[in-house]
């Protein structure tokens, strides 16, 4: 018994010794090490031929030209198009990761298309004489926008609503020697990066900002005023009120205001942004020619704003947020809806916008899946026409809001983009810049088909510059009088530099503290909350859970709120808030 | 000491040696047949003389690697000859226009950045130097893949050559050329 | 490692970054992540467990409102040229410096994840993969074939976009052009909308970087450590040049998030 | 039931009692293994380390444990090379402690690296310039030495002695002991040093960076000295503790006092060297790299008190305690002194590991804090438990203290009855 046990042990010992003299153990440690190079879960990038394709970015109206490095037909890297007369090769951080937009985690995958159509038809039938069918277009000025206006025009009580009405006025940064900005993020997502950077050396930037925004920190001069007191300062500079009055409201010294006023005297031409009180020097603002459209499109609903509608009058509301622009607070919209079950349909890529309130949320394709034109940028002195042509194919089940709304309104449309392009070609104005060869040629030397081809393969039509005028440019959020009285401790400042849900943007707001993350509120470090902690954000309109970011650039008594719809819905103009530990 | 008591010990040693040298080297690989029984030899004679005729370079200098079906259908739109291999190729791939899923014997690990242009065009190396006699083979030997690391058997030893395609083999040649600078020369 | 190598026309790739132009938009950080297949953050990741080969820091002069000034400092691997701290601490030659380019290279597949190099790096330019990389379903189709994704448990860092270097080298080989040094542009340089970053061969006196690096306003981070970084920063503002020196505990106290 | 395994002439507690003693340690050990498994399977995201705190609890305690384990080589050195025969009465215990410390430390290191499957690359593609390579080689070699030194202790077990071939083997092995002691000493000196060098070479971390004396930075030599100094202290401590726990007299008091004296002497040398080094660093090394030394201590909680605590309270004070014969002969003072000495080294390793990483290097850095996660703590506790277990078994079945038998005969029978205590 004992003996056999010993034999077994010796056999084992023997094989242990023996195996050391075979390749087995050494090969096994090598192989396990090699396995750790490509163990499960580590994707292998697709191989294939490298192509270059061109398009225009339609994330915002800057519509920067994009050069896409593609493997097979899959875009893997986006960059600007050098030599482009408008975007000048620049691309903003969001544009750089634009091709990841289809992969936002919260993307709408499907929606009740049939039911929505039926509900709309029902709503149209039920629509009384004093009731309206409304299309709210968050990004006006597109060809699709024209289709909406035509569709609403085709209905007897259709209305077309857009957040910003005046689309034809543009600024000419190259003409300004001083830019006076009331809370407008001039250097950070307001205009076309290429244009702003090219002009930057030419003007002195004076930023009026309640917090140290990225623009404020890069401005030549930054005046920190009390939140929502920008317009008071503007009034003082316009001479409507005395510097003393302004001083109390803004928290600036009288001397400072006087000095600023003088600076503007000498610093002309002055371009004023974000104020309804001050007018820019003639020359810094231009009235662009309208990008031509087919004549028959003209008989369509005018562009109006929400205020023009009486309360409780909207029976059917169709919202196109497929290309998000300015966001209208929901409470303002809800006030306009009829009392007995109105029909609200939104066309959205993400459930985080109006989809939270609509009866039907229909999924749409996003950049760079879908073909659509980008309205001219605010700082482009000439009208433009550029098409964001798709780089990838959209997932199935996506709805095209343009044709959906047209059909709902009984309007028959063809290929509207092509019709628009032909109309532009007929005008024979301006020039066409082709991305592939970097050449620019007059439109009149081009055949319609070539023009159309260029537009889709990466090209841009640029009109002749518009006439110089003067205007009050109140875009951004020029502070309106508070809509409510509230004794909450914090004044609200909305950060327009918010990142969308593109996964890789975590680099700039979670893996570093460069930008304010969506759903976050920035507070002064002395606020008593921990950096990165969760808290309850509360205004008179309600409360929401937010993340807290501590930023010494935010003065005490101020909360800088990321412009996510859920938070914007809580922030009426001039509203105050409190942030408490959750 | 060398008494009967050490017999089990020696038995153990022998068993281990046998297993390690005979069984293990076979067991470690998994075999996978190529989709079509392709003869490089015949094609070298009949179709194109040079490897580059099928294993082409793209305009940008990158290497296309294994040819796609359209290369074949240039001649094989209809059966050429009556071999069963020919028939199955036509039936399974040409007629339904399906890409044959070739497996590359010489597929390098993902983190290797190998430039055929640099070796073939700049250094004027012959394909055989690394790929051995594959070009003159009459049949496609089954593709053998390491069960654990998932790398091709040729990486360890390429038939028809005295070497494999391990890093050591690359380094050895680069060192002779005095062209060995840093890891990222060849790794990505 | 290098044994009796052919004499090469050695390049010394370097960068100059104009801090007066940088407006902290973050385009460089994202372009870098896209180019180098750096995965999006794991939900538990923070700015201390993240992967940002290139990280833009927001710095200020430590003063309160009227006097307060802010600048943005992009920090990537500084590619130290002298006693490169990370190179000689790595126990298994996963880090080396390329004599042909001066680029400090790191091989994640050789790395055992001891993180000694991270402790050694004064610029915190090295990042550890605390998680296996993960992309939203389908997004891995958009990975760059020029760079391998890394696995969990290894260190990685900026290598001046070596994927692009390889591509340029191959193109040169195909076209029969000389390949040392090859001309190429790293992703961050290409992406910077304000053109604040320049890249080139510091050994070539004609190059922009060589010229700019020699200008008075240019400086390097922690120069006194004598690690001879190849990334030069430039600013006309005295206080901005100060950020290159050792920390100021008093001021740094309240400097929490920027 | 395990009577025939226990050495003749010594008494050990009943098996049941022994089981009760080890049960909690086994539990702790298993819990720790679970935590370690988490780190290995899910990855190091289970820890609270991060890109800035690349090293944490594990490295700190590894350095400490290895310093304390130095008793093994240094006692061996004194006994076999310098022929201090009194020490033969603790050498076995010293070897076991060394084995435990080193194997434990290496086990934790395997969890600490992100890719343990590639750890062997260090042997295959070694970077000879790296201190860590030096450490890895010496540690693994010395662990082997310790294992070989441990074998005779095992083989002298009553049961195993019955196998003649093993007896022969043991005898042959014992002849090697001088060689082993020599090799061990050399290796240990070397890796204790390279562990110090680990930080001294960090040019990028001016707080840790030290100028070189010859090939190595000063910390290289300081680590050797400090390790040699506290090694004996730790053996003294453990022996004393075992005596308390087992309520047995295992070694003569003189032996402990001798250990104390050795410790004290070396400690005073170390304190002197350390002070000189610190002064040079404050006045030359650090300023030259652009860092004023006072800066480091302006980040709370790491005030200059930490320097005082390290050099005076846990350096000079215990050195004096152990050097003064009057104090040394009182167990209380002796043990306290030894304890303080060990604390001092622990503190030194803590400062080099944690404070070095906590301090900012760039002007826009933050001063960082770090608290180990439960997985980190548990993993390390597993090593402690493992140590206790190995030691307990060794003590029960092997002859760790040769003097124990004689001392037992000397002790009067009366006490014997109740002295057959625990163990």
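A, B, C and D are the chain letters, set down in written order, and residue numbers restart from 1 in every chain.
The definition used in the following text is that a contact is a pair of C-beta atoms (placed from the backbone, for glycine too) under 8 Å apart; a residue touches a chain by one contact, two chains touch by 3 or more.
Treat the numbers as computed from the prediction; the structure is a model and nothing was measured.
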Minimum number of chain-to-chain contact steps, chain C to chain D: 1
Chain separated most widely from chain D, comparing mean CA positions: A
Chain B and chain D, separation of their C-alpha mean positions in angstrom: 53
Centroid distance [mean C-alpha coordinates] between chain C and chain B, Å: 37
Gap in Å, rounded to a whole number, between the CA centres of chain D and chain A: 61
Residues of chain A whose C-beta touches two or more other chains: 32, 35-38, 45
Multi-partner residues of chain B (at least 2 other chains): 60, 62, 109-111
Per-residue multi-chain contacts in chain C, two or more chains: 46, 50, 57-58, 93, 109-110, 132, 147-148, 151, 255-256
Complete list of chain pairs which touch one another: A-B, A-C, A-D, B-C, C-D
Residues of chain C that touch chain D when the two form their complex: 42, 44, 46, 48-50, 57-59, 73, 75, 83, 85, 88-93, 110-116, 118-124, 126-132, 151-155, 221-227, 242-250, 252, 255-256
Complex contacts: residues of chain A adjacent to chain B: 6-8, 10-19, 21-24, 27-28, 30-32, 34-35, 37-38, 44-45, 49-50
In the complex, chain D residues that touch chain C: 43-45, 49-55, 112-116, 118-119, 121-122, 124-127, 129-133, 136, 198, 201-206, 288-292, 295, 298-299, 356-357, 360-368
For the chain B and chain A complex, residues of the former touching the latter: 5-6, 8-17, 19-21, 24-25, 28, 58, 60, 62, 64, 109-111, 146, 148-151
Partner chain D, residues of chain A touching it in the complex: 29, 32-33, 35-36
